[in-house]
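Comments concern the structure below.
Letters are used for the chains, namely A, B, C and D, taken in the order the chains are written, and counting of residues starts over at 1 for each.
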Amino acid sequence: MDIRYFAWLRERIGTGHETVETRAETVADLIEDLKALSDAHAFAFSDTNAIRAAVDQELVPFDASIAGAKEVAFFPPMTGG
Amino acid sequence: MDIRYFAWLRERIGTGHETVETRAETVADLIEDLKALSDAHAFAFSDTNAIRAAVDQELVPFDASIAGAKEVAFFPPMTGG
Amino acid sequence: MSVDVSDRAFDPGAVLSAFSQRVDGSGAIVTFTGITRDVSEGDLQAMEIEHYPGMTEKALGDIRAQAMDRFRLIDAVIIHRYGRLSPGETIMMVATAAPHRRDAFEAADFLMDYLKSRAPFWKREITARGADWVAAKDEDEDALNRW
Amino acid sequence: MSVDVSDRAFDPGAVLSAFSQRVDGSGAIVTFTGITRDVSEGDLQAMEIEHYPGMTEKALGDIRAQAMDRFRLIDAVIIHRYGRLSPGETIMMVATAAPHRRDAFEAADFLMDYLKSRAPFWKREITARGADWVAAKDEDEDALNRW
């Protein structure tokens, strides 16, 4: 599964893109898997209130399913406009 | 005193500008004087709900004083924008 | 040029370009452009706009000053035409510049509401059936109570 | 061009000129232009805007479609830049065209509220002290409850 990171999440993890093998069923499960990857991941995901997720480029809540997803992205709240 | 008319009030009275001698103290008094000038004036001022007034280019209610005024204008509700 | 009353056509894009270049420190610019539109029954040939020279400039200046006073603005302009306009022509425009978007939006909205009912313009529609003065709408007068 | 995401500079006036010429039947056009502004302490050197290619275009297209659906509009455009911008440069713009002014105003306001919190852009301010990600404001999220 393709995982993408943006803004300070990308900086903390040290990459904007990685591929992971996971049996996670939801975004929340996936975050737990990712936190186990490294100290940097654990730190980046330490405050999940400050994080948003998109599954296949659609903004979703953390209890959303990732079944069949090709790409899951994590990022801070957006600051467009 | 210079009296000015705009839009359909001007059309009904047949002129956009006239000079009148008046002892009227308020806009309402002045309207009574003007109505006496001709049938066209009386017709033009028959529905004062549909008329607005400006004294020296300032929108005012009908009970406003015209003491010392140089110019009083009458017109329908404005439709700018 | 903060208030401009003229019978000449103008390009709203050129106004926005010039305005955006001069309002240093703005984070937000809002414009409203009014266009001659067929509001009757599909056969508008022209729109004639009468105004009260002298009072018009004064009223627009007052409305602009009220907006500058009431909202946190960097600048505001009002442009309004009079004379004969064809369908699709630009009648008027307001532009507001502010540090924050809420002020820019509200000030433009405020300017439009006041301009509709407090600036001495009168529109007449020319159609195949003749010429008719556009009636003021109660909702335009009521809109002033929002502020 | 209803949604445009690009790293190139653009002139909001040129956008309004082109938009106003193509929206036949409109009575009202509203534009909002966002400009890079020093929101920190007077020493902004640049603003860097990161985005999520692919999702950005999709999100802006969805937001535009919602506005077209919710308001009586003739057309709407959204333009948003990414990359490095200097203070005073145009970041983004929305334009809405409608028969009536209320729809044009509300749709532009709606587009801005959604774009602030639902389009995947992240701003970073570059100052003499370094680079800082701009934090999202609670009020921006709250603004969505207006609709």
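One rule holds in what follows: a residue touches a chain if its C-beta (ideal position, glycine included) is under 8 Å from a C-beta of that chain, and two chains touch if they have at least 3 such contacts.
Just so you know, these numbers come straight off a predicted model, no measurement behind them.
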Quiz prompt | Chain separated most widely from subunit D, comparing mean CA positions | solution = B
Exercise. Using mean C-alpha positions as chain centres, tell me how far subunit A is from subunit D in Å, no decimals.
Key: 26
Quiz item: What is the distance in Å between the mean C-alpha positions of subunit B and subunit D?
Solution: 48
Quiz item: Which subunit C residues reach two or more other chains?
Solution: 34, 101, 112
Quiz prompt | subunit B residues counted as touching two or more neighbouring chains | solution = 81
Quiz prompt | All pairs of touching chains, each written as two labels joined by a dash | solution = A-D, B-C, C-D
Quiz item: Taking the complex as given, what residues does subunit D use to touch subunit C?
Solution: 11-18, 20, 24-39, 88, 90, 99, 101, 104-105, 108-109, 112
Self-check item: Residue numbers on subunit C that touch subunit B, as the complex places them
Solution: 34, 50, 52, 54-55, 58-59, 80, 91-92, 112, 115-124, 133-136, 140-141
Exercise. Note which residues of subunit A are touching subunit D in the complex, please.
Key: 4, 6-8, 10, 54, 57-59, 73, 75-81
